[in-house]
Amino acid sequence: MTVTVREHTDRGPLSRDEIAARIARDIPRGAYVNLGIGQPTLVADHLGPDSGIVLHTENGMLGMGPVAVGDQVDPDLTNAGKIPVVELPGAAYFHHADSFAMMRGGHLDVCVLGAFQVSAGGDLANWHTGAPDAIPAVGGAMDLAIGAKQVVVMMTLLAKDGTPKLVRDCTYPLTGVGCVDRLYTDLAVFELGPGGAAVTETFGISYDELAARLDVPLRPGA
Amino acid sequence: MTTVHDSVDEAVAGIEDGSTVLVGGFGMAGMPVDLIDALIRQGATDLTVVSNNAGNGDTGLAALLAEGRVRKMVCSFPRQADSWVFDGLYRAGRIELEVVPQGNLAERMRAAGAGIGAFFCPTGVGTPLAEGKETREIDGRTYVLEYPLRADVALVKAHVADRMGNLVYRKTARNFGPVMATAATTTIVQVQQVVEPGGLDPEAVVTPGIYVDRVAVVPDRSGATS
Amino acid sequence: MTVTVREHTDRGPLSRDEIAARIARDIPRGAYVNLGIGQPTLVADHLGPDSGIVLHTENGMLGMGPVAVGDQVDPDLTNAGKIPVVELPGAAYFHHADSFAMMRGGHLDVCVLGAFQVSAGGDLANWHTGAPDAIPAVGGAMDLAIGAKQVVVMMTLLAKDGTPKLVRDCTYPLTGVGCVDRLYTDLAVFELGPGGAAVTETFGISYDELAARLDVPLRPGA
Amino acid sequence: MTTVHDSVDEAVAGIEDGSTVLVGGFGMAGMPVDLIDALIRQGATDLTVVSNNAGNGDTGLAALLAEGRVRKMVCSFPRQADSWVFDGLYRAGRIELEVVPQGNLAERMRAAGAGIGAFFCPTGVGTPLAEGKETREIDGRTYVLEYPLRADVALVKAHVADRMGNLVYRKTARNFGPVMATAATTTIVQVQQVVEPGGLDPEAVVTPGIYVDRVAVVPDRSGATS
């Protein structure tokens, strides 16, 4: 079997919106999906209305629709980021214990989370920078990280100072151990797991260039 | 994703020999009789069935038992006035029985659906049903450690579904349906009616569609014969 | 403090219906009550409509009304004994896990159970005679026994062969340990607990006669 | 038995210093602002407050914090764009904080209401929030042992109650209300409207009245000012 990385060196890195679109493309029809607060919410813009994909929000709803505008705004109907949203036909409401039972019981097909750091083995750090003056806040991140059938992370591959956020071992406090299945970044898509990181696709960079930038065990992906 | 099926036979296709099958109902209320009839026709055998009772009269679960298709019953209350099919099999040594307190039955399935690994439970402490189980004193009270009860298939009767699999039930026929739907790999539901998305009040949905794999419409029998 | 037993020696033992009425009299206004299957269901007949007492049935309902008659019969609406009942205004339905969470979480004020045997310390045996050919069936008995704020047993004090069913130690398999608070029988009412059995009332028998019939540590109750 | 009160002040009477108080809401959705305002007037102090967030803006829970009445916050997500009141107290060392994963917060209160002594939970394994906690491997997966979270008082906002205390909520304002109502000795609820028994659909009741001690009617503010 030949393993090849799809190298897109004829273009630059993906924009945030393009990463979101790339993630959306891989979500199967009819999947139940939770999009974490922040960047992952962009993925919703790329899910076609005929995809049959149903969005879950941790604060007790399946069938969440887009952000509410104008008269649609209802303070009793928000997403996990406390932003008013609308309800789609076929929605259902439930309380918090039921919502997290759904998440922790492995019923969501996919969740998409942001991250400070991800390790090649799939450890996730996305709730706390560890800075001594930071006020810790975890929300539902740890529950999502261990609960969904597939945990996907969306982030830029490099921090603002150029250091990679895909690492051998997370230096920030962990959200979950070995929980990330796939990592979508501006420069590459990775499959993560006990065997380390496999690169399936690159954008604006070759596999070899990418490998040189990262200090993790890397291999070409399927 | 929930699929809506034209027949109960299509809905129960693929259930394998040796499966653990959750069967809803408390007595006949909420018992998915048509799905069980389809399972009888479908042929899967050597089943472990989890249900509150062990069959009533000669229909539904009792009929499946009479066919010799159930290796083991897990239930809280097998012995009833009309449980003659089970009673006969049990006395003949032709079926295994695990008696579980009703609250443990429900909570263990709830734990399976909720990702709980095990839980310390106040029921049954010091009784034969807790014998050999781990116990622990917490805040001055003794608890028994109970484990999740997972299954391959759940057969549930609800009242109305929408095409996304959201369910509402009727009165005390709700009973075990909602919790069984969360505890099985494949949840198969019979309903009297399927409506379009938006046809159910989102505030009143009891089982969200995420827990429902297959829905089959079975018109009300009393309606069909009158 | 003088402790006196109310001795009703001017009358015979209580009938089943009179025991039920005696229990009903002690249930506080507005209480949430579960009546076990069998004899305890008789208590319902003695709860006034203005008592505000709300009946729970383990199969998922609060606000249960009387047994259904004629056109009221609905196979989807039964009590714990699978007998069709009716719904009262202000009823609520819930699933089995929620129903037993309610029971086990200590939210019911009173439950009334039948029994094969009760010990002076409050142990309860009501699910299994221990006979080798009996098919064991526990239902919700163990959950009710440990869950309600007050667990009340209703039974005849003596078995058909004349042996007392209030004992030092149960010989039948236990339903719960030290769980019975009060015992109402045809001959007497008892408070049970770690200190043993206290007699509060007798019917058709004096305290001394009662004490002579029983082989348990007994004392006059408050 | 549920009592219906004419004022929120009557409804919060008797809350004692040092109480643990559950406060519903996810951000402002479902936050019982009027009950909190009444609690501020009522005067109880040295409180431990359990709520998903640690106050937004200057009203509701934030106002209670600003009054210096809360010794400790137990929550999942204190840090928000508009949590300046909490942030200031925390940085000044004037309030304790226990951060709990949101699912554990909900499940621990559910356990308190359901009589569960403790439960093995998959969330947080290997993270700082599970440090020092008992863990166990069950069926090849590691779990952390978590304990019930009980309280003296729950303050909940629902939509409509009947006189028996049955509650329905509105949309995602439901959030923590139903589970908090089960976990407190005294559950106090503000609603927009109280109806007679029979005025709510028994199939759609979310919190049965058994969990509700006191109800106070607070007409919708937007309605009152328009």
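To keep things simple, chains are lettered A, B, C and D as they appear, and every chain counts its residues starting from 1.
Convention: a contact is a pair of C-beta atoms (placed from the backbone, for glycine too) under 8 Å apart; a residue touches a chain by one contact, two chains touch by 3 or more.
These numbers were taken from a predicted model, which means no experiment stands behind them.
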Shared touching chains for chain A and chain B?
D
Comparison of C-D and A-D by number of C-beta pairs in contact, larger one
A-D
Per the C-alpha means, the centres of chain B and chain D lie apart by a whole-Å value of 33
Chain A and chain C, separation of their C-alpha mean positions in angstrom:
55
For chain C and chain D, what's the span in angstrom between their mean Cα positions?
35
Approximate Å spacing (C-alpha centroids) for the pair chain A, chain D:
29
Where chain D touches two or more other chains at once, by residue number
107, 110, 114-116, 121-122, 169-171, 202-203, 206
Where chain A touches two or more other chains simultaneously, the residues are 61, 87, 93-94, 100-101, 104, 146-147
Could you classify the connectivity of these chains, where an edge means two chains touch, as line, ring, star, complete or other?
other
Kindly provide every pair of chains that touch.
A-B, A-D, B-C, B-D, C-D
Contact residues on chain B for chain C in the complex?
26-30, 52, 76-80, 86-87, 90-91, 97, 99-107, 109-110, 121-129, 169-179, 206
List the residues on chain A that touch chain B in their complex, please.
29-32, 52, 54, 56, 61-63, 87-94, 100-102, 104-108, 146-147
Given the complex with chain D, which residues does chain A contribute to the contact?
57-61, 74-78, 82, 87, 93-97, 99-101, 103-104, 128, 133-143, 146-147, 173-177
In the complex, the residues of chain B that touch chain A are 1, 110, 112-116, 162-164, 166, 182, 196-198, 200, 202-203, 205, 208-211
In their shared complex, chain D is touched by residues of chain B numbered 107, 111, 114-122, 136, 138-139, 141, 143, 147, 168-171, 201-204, 206
